Amino acid sequence: MEEKFEPKIAAFVCNWCTYTGADLAGTSRLKQEANARLIRVPCTGRIDPVFIIKAFENGADGVLISGCHPGDCHYNAGNFHARRRWILFKNLLDFIGIDSSRLYFSWVSASEGKKWVDIVDGVIDAVRAKGPFKQYKKMNKEIEIPVAAEEGVSVK
Amino acid sequence: MKIGVFVCHCGENIGRTVNCPEVSKACASFPGVVHSEDYKYMCSDPGQNLIKQAIREKHLDAVVVGSCSPHMHEKTFRKACASAGINSYMVEIANLREHCSWIHEDINQATKKAIDLMRFAVERVKFNQPLETIKVPVTKRSLVIGGGISGIQAALDIANAGFEVVLVEKEPSIGGHMSQLSETFPTLDCSQCILTPRMVEVYQHPKIKLLSYSEVEHVEGFIGNFKVTIRRKAKSVKEELCTGCGLCAEKCPIKKKALSEFDEGLSNRPAIYVPFPQAVPNVPVIDRSVCTYFKTGKCEMCKKVCGREAIDFTQQDTFVTEDVGSIIVATGYKLYSIDKKPEDSIYKGYGEYGYGKFKNVINGLQFERIASASGPTSGEMLRPSDKTVPKKIVFIQCVGSRDESKGFSYCSKICCMYTAKHAMLYKHKVHDGEAYVFYMDIRSGGKNYEEFVRRAIEEDHVNYIRGRVSRIYEEDGKLIVKGEDTIAGLPVVIEADLVVLATAMIAQQEAPKLAQTLNISYDKYGYFQEAHPKLRPVETNTGGVFLAGACHSPRDIPESVAMGSAAAAKSLVLFGADMLEREPIIAKVDATTCAGCFYCQKVCAYNAIEKKEIRDRLGNLQKVVAFVNSGLCQGCGTCNATCPSKSIELIGFKDDQIFAQINAFAEV
Amino acid sequence: MKNLKAKDFKQKLIAITSQDPAQCYQCGKCSAGCPVRDFAEAPPNRVVRYVQLGLYDKAMTSPTIWLCAGCQTCTSRCPQEFDLAKFMDAVRELAIAYGVKSADKKTQEFHEAFLKQIENFGRAYELGMLIDYKLKSKDFFQDVDLAPSTFSKGKLSLLPHNVKGKQQIKKIFKESGEVKK
Amino acid sequence: MNELKQICKDALSEKKARFIIGYKEDKNKRIKPFIAKTPEDAEQLTFNHHAVNNLAVYLPRFKNNVEGKIGIVVKSCDLKAVTALIQENQIKRDDLFIIGVNCSGVVLDIAKEFNKDNTQIKCKYCQAKTPPYYDALADESKDFEMPDDDQAELMAKIDKMTSDERLEFWNAEFEKCIKCYACRQVCPMCYCEKCIVEKSEPQWIDTSSTARGNFSWNIIRAFHMAGRCIGCHECERACPMGIPLTLLTRKMGMVASSEFGYRHGMSLTEPTLIGTYSTSDKEDFIK
Amino acid sequence: MKLGYYPGCSLNGTAKEFNSSLKEVFAALNVDLEELNDWSCCGATSAHVTSHILSVALPARNLLIAKKQGLNELLAPCAACYSRLVSSQQELKLDEKMRMKVEDLLEEKVTNGLQIINLIQIFQKIGLDKLKEKKQVDISKIKAACYYGCLLVRPVDIALPDDMESPDSMEAIIKSIGGKTVDWNFKTECCGAAHSIAHTDIVEKLCKGIIDNAQKHGADVIIVACPMCHSNLDMRQLNIIKHYPDHKPIPVLYLSQLVGLSMGIDEKKLGLGVHYISTKPLLEKIKSDALPTEVKKEVPAPPVSNDKIKKGVEA
């Protein structure tokens, strides 16, 4: 089963800056890799850490979160609250053993289509280099129906 | 739930890299999908008709369209579905163009991704709820805070459009700084001559309620529905009885005690006074801090001479509440003119220029008063210390502006122009006098502005010296001004008779407090913050609150007037409809599980979370829970993410909707 | 200027002063208040301008840097919070380090004479310094008339005071010279 | 001892409190939570090294209190919980009569005597023997030399591991979890009426005691405690499976302190960590 | 009250009258001065104009000695020493790299916590009331121009907490001992400082400007708190007299000397005889009308104040 590993990236993006920035990347026809799936939320303030956990549970090899630059939040301060939450959550995950090569954060404004492409491609490359998130998938195996367990990961 | 799926080719735009028929086929197999088709242009009339037809024929409950970005055509498809009988919030868009076909090249990868995106949308739409737009009634009345030229303009525009305006002014008279000016640049027309008619118009306008000597105390409510509490400071004069005859002020024995605010301290006024003869309203107020009666309980001269018995020493501050739909903030600016560093002040002051120490070092507004025909010298160019004609005058620009160390980094914008005007006015009055201007750069962008400055230099022979002044001190009645001409590279020492400092325009000291009252933002200087620096320059982050004039940043008269009109126009847009329609994307509390920790209240940037008491039938308090004021909530969902028990959820982006999307990720 | 690398100068300057000369916007307020302005050909703000333009040799050979009395009037009044006094110190220091021929030898020699006393004795030995300075500057006649009264008032001691920790001070001098290099 | 009894007696007789939540010794000589309603009851109140329980856990049920003040006996660690509960609107300061006790440490194993080997972890790094504020203070402390903070050493050891080793370490620990939720029940800060794990629409966290469910539960629990945990270590004491839960909560406390200079539960006027922000919060990890 | 004392080189040489007057005054005020062991030069202007590191390291050596000596407060009466010590302390606090370099040089760890105070601050600390109590001689006959120079008020953020442009803390001290001061314009103008020897002409011109302004505003004496200012204004006045024949000499006194005078301390002990510009006319003016005018009017005065007058006469 030497199939080339392609990471799955879940991206949570805010509606006003990053989603629009990603739209701009599209209208500018900036090519990027196809591994990321975007989930649109109104504001980074809406992103609960359980989203990230749930994404890993559902097989994400990496998670990317992006919103408006500090001071540009459409809702005044949502991203400031989010940033504080991330600092805590990131440290927690790190302590538990999910290091920062699985979880990425960025500020991408509506005008930064190019930056968005660079970030997405960068994250995909980094996670591809890191390989599949075996450790988390192992936890999932216990409850998954055996059919899904076709990748070369050994079931304990 | 019956879901219909529609995949748009967008001509070749999507179809070139995404195999649309295959996507459509794949979607047909998703649980819940009862109809799936693809079409060249979904947004076209025939395309929309396909959707409508399918809704009717297959009795669809929800629709997913795979097309361009929701920012493009979400509204189009929502409208189409609504017309076919589906609630418009039962429509989801999968972005197959900007986020897929346009950014990928491999048709297999793109098609796979498109199917995933469609699956996300289908799973999500299963948890969508029919929603109705929120309709809020609009109170078609406006509050204007500040009666300077900007506030006057805004009030008149709104009133002339037929809507009521409450104009609040903290001073005894409206008019603001413009009423203090002698002439205006670049036309040199008399400031009061153009302003006074406007002030009278405000006073006489049947739609304008003028509350002078009043301040906004408290604001609650939201766009279209503000309730404003205004403090009416005690004037000690019954406004309805006073005829403005002025006898009280004339007879007041306190003539020299108080410095005239209007003349910037260059003259004195009595304890009972109108700020200036053309004041509107022409009703005096008693300055209780200097009035003999209020200090000793004796005197009552004004009361004795008033034929109308309008003097009332017992008057107290009163409060009125006004219901308004919009608020225009036009609180203006003040000047930075501090000599030594005052204690507990954020300002460092300018000890080296001796303002406040030397009588003949004055600021720009003081010069305006000296130059003004209605001023303390009746327009004669006389210096304050000994009332002689200054033969040498020095103007210094950028005092406090463009000064990170002792003032503010920003440029005060109007000083270059008014300094040129001052120098010109001086030369016109003192023909044999010499005028020097120390400047760093001349910023004269504006219609006929540069021409005006050139005229001062070329026709009136004002000496412009490029360089900052280091120090001013007084010897033998002369002010020794030590500067440097950086162009010639030579030191310059001028023995001047009068020095005018073009001090920085700064935000009103109370601005941050007012900003908190109104829940709007302000920058580090205390200027109010606009919603967007380019596209929403007069709006604030709080709906229904608009900005006008120099409370936003340094502005000259035409800009302040334009901004006043712009803010008025924004209010009138609001008044154009009876009801305000708002997206129903707002938070909602589940009172049964809310534990009342109020973290949601802490993170809410809009003060939209209120406390609500839940009582049983007997009226006993059961618990206190959070409650969302739907008028204030803007729908960011930060509360939702913060709530540990998920007892507050953002309608439209509820947990189950996002959960469904994330779960769909398993099949990516 | 021989083998002078422009890039190095600016980097070193910024390292010593922790500020970028670009901060100065050339308003001239420093020059306007400078006590030695009348004695300097180039006003202090022009020395900053030289550095801004990359004319480091002009800055280092300017007599102005040696005329600066270090009174810090400029610093305290600068609207851009640029520490010009510190800047002047650094340009002088670099001028010495680069071996630039001083435009104001007298002042440089005075400072060298002064520091030599400290290096040797730990404290300033005024008589020694004066002798040393006069030998260097060959300016024997200046102040000659002041000397007798100064002695008679007991203001100049004939012998230097020796600080016990002299070795440590010598070391400071020696190694601080090396740190600089 | 008499001092505490006297304070409580006076408080009850002078109606400073309508009852006092404190500790008493039962027949088996075990220290248990006890509510004294009368001055006579107060005679039974006691405090010693075995008074481990954090009595603040009872407070949220009085959040709509209308009758009279509630007296509560608190150690300095317990007072942090009281502070946090006041800040989170679970109890009003005006409704409390706080009887602080100077504490010199409590036992880990309540069946054994208090000594160097039988000391709660929290006591080993306790900074305040005296509660920062109170309405009355009873001095019950004795000099006692605290053993080394071995938890800090363990934390340092975990910090040094590779992330894979850490994940393995925690998986081994979380594997033990039987989802009994004792950690939650005993926690004074877990006062939610419905815990997120009990919310089924949607079911964010698997209720089953699988590796994945255990993992999510423990992460989210620790995150919900971030900036809120007051370090009473009751969760770890209550855990029947001996999972070192306080490693997580203490780590979050250390992060709050190192990243934001924040210490929870120390002052009523300090804003909470979550719910506030600073525009200068660190963001070197954000691209 | 015990206080660390860093006299600095000048006070051992050209400014020995500063040293002696200071010691006399503090003895009278019951302040013990503990001289820093084996102190060395702060590097003065010469260090900071030529070598940044030297200008930090030389004062740092003294700061370390003070710490080792167990001193919490260190009086540096010379304004230049004060400025160098404070600047060095500040730099060591803010600049990590510099601190490490200096620690390498001194082979010791630098610690914080020493408070360095100048002459004005120590008087403020002792309390102006106390100075008032100790006052015995009436000095209200003379008008003083307080000259701060540069280093007492600059750099703004670490020097004396007073207004840099027109300070008045020295005036407050003089007022407390019953002296009169003049308001003038050159309080903080530079005297030329270290140029005294290499550029005597510059110093001469700058000092002339300062002295002229003081005299123009009616000063009988210039009061300073810096040996460098003193030597420039006092010694260089001889050059001024030579070059400007109509120059009227004006004595320059250290603040401690004037305070000492008001306390009735012997003029010789205060070192008033070693000035280049004679202080005699000034002293005569103080004494000339031993009974101040306002007291004269009061005669006969109540017995209590009679005592005071007597003391004044004797002193």
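Per-chain numbering from 1; labels A, B, C, D and E assigned in written order.
Here, a contact is a pair of C-beta atoms (placed from the backbone, for glycine too) under 8 Å apart; a residue touches a chain by one contact, two chains touch by 3 or more.
Just so you know, these numbers come straight off a predicted model, no measurement behind them.
Separation of chain A from chain C in touch steps, taking the shortest path, is 2.
Counting only chains that touch, the fewest steps needed to get from chain A to chain B is 1. Compare each chain's C-alpha centroid with the centroid of every protein C-alpha atom shown, and the nearest one belongs to B.
Taking the CA centroid of chain E as reference, the farthest chain centroid is that of A. With B-E and B-D as the two chain pairs, more C-beta contacts join B-D.
Between the CA-based centres of chain A and chain E the separation comes to 67 Å, rounded to the whole angstrom. Computed from the mean C-alpha positions, the centre of chain A lies at a distance of 34 Å from the centre of chain D. Separation between the centroids of chain B and chain C, computed from CA atoms only, is 53 Å.
Averaging C-alpha coordinates per chain places the centre of chain C 63 Å away from that of chain D.
Residue numbers of chain C whose C-beta contacts span two or more other chains: 38, 73. Multi-chain contact residues, meaning those touching two or more other chains, occur in chain D at positions 196, 204, 274-276. Multi-chain contact residues, meaning those touching two or more other chains, occur in chain B at positions 352, 471, 603, 642, 655, 659.
In this structure, the chains touch in the following pairs: A-B, A-D, B-C, B-D, B-E, C-E. Against chain B, the residues of chain C that register as touching in their complex are 25-34, 37-38, 42-43, 45-46, 73, 77-81. The part of chain C that touches chain E in the complex is made up of residues 16, 18, 35-36, 38-39, 67-73, 75-76, 83, 85, 88-90, 92-93, 96, 104, 106-112, 114-115, 117-118, 122-124, 126, 130, 133, 137, 142-143, 146, 149-150, 153-157, 161, 163-165, 168-169, 171-173, 175-177, 179-180. The part of chain A that touches chain B in the complex is made up of residues 8, 10, 19-20, 22-23, 25-27, 29-32, 34, 37-43, 45-48, 51, 54-55, 58-60, 74-78, 81-82, 85, 117.
Residue ranges on chain A touching chain D, taken from their complex, read 49-50, 53-54, 57, 70-71, 77, 80-81, 83-100, 104-107, 119, 122, 135, 138-140, 142-143. Touching chain B in their complex are the following residues of chain E: 163-166, 185, 213, 216.
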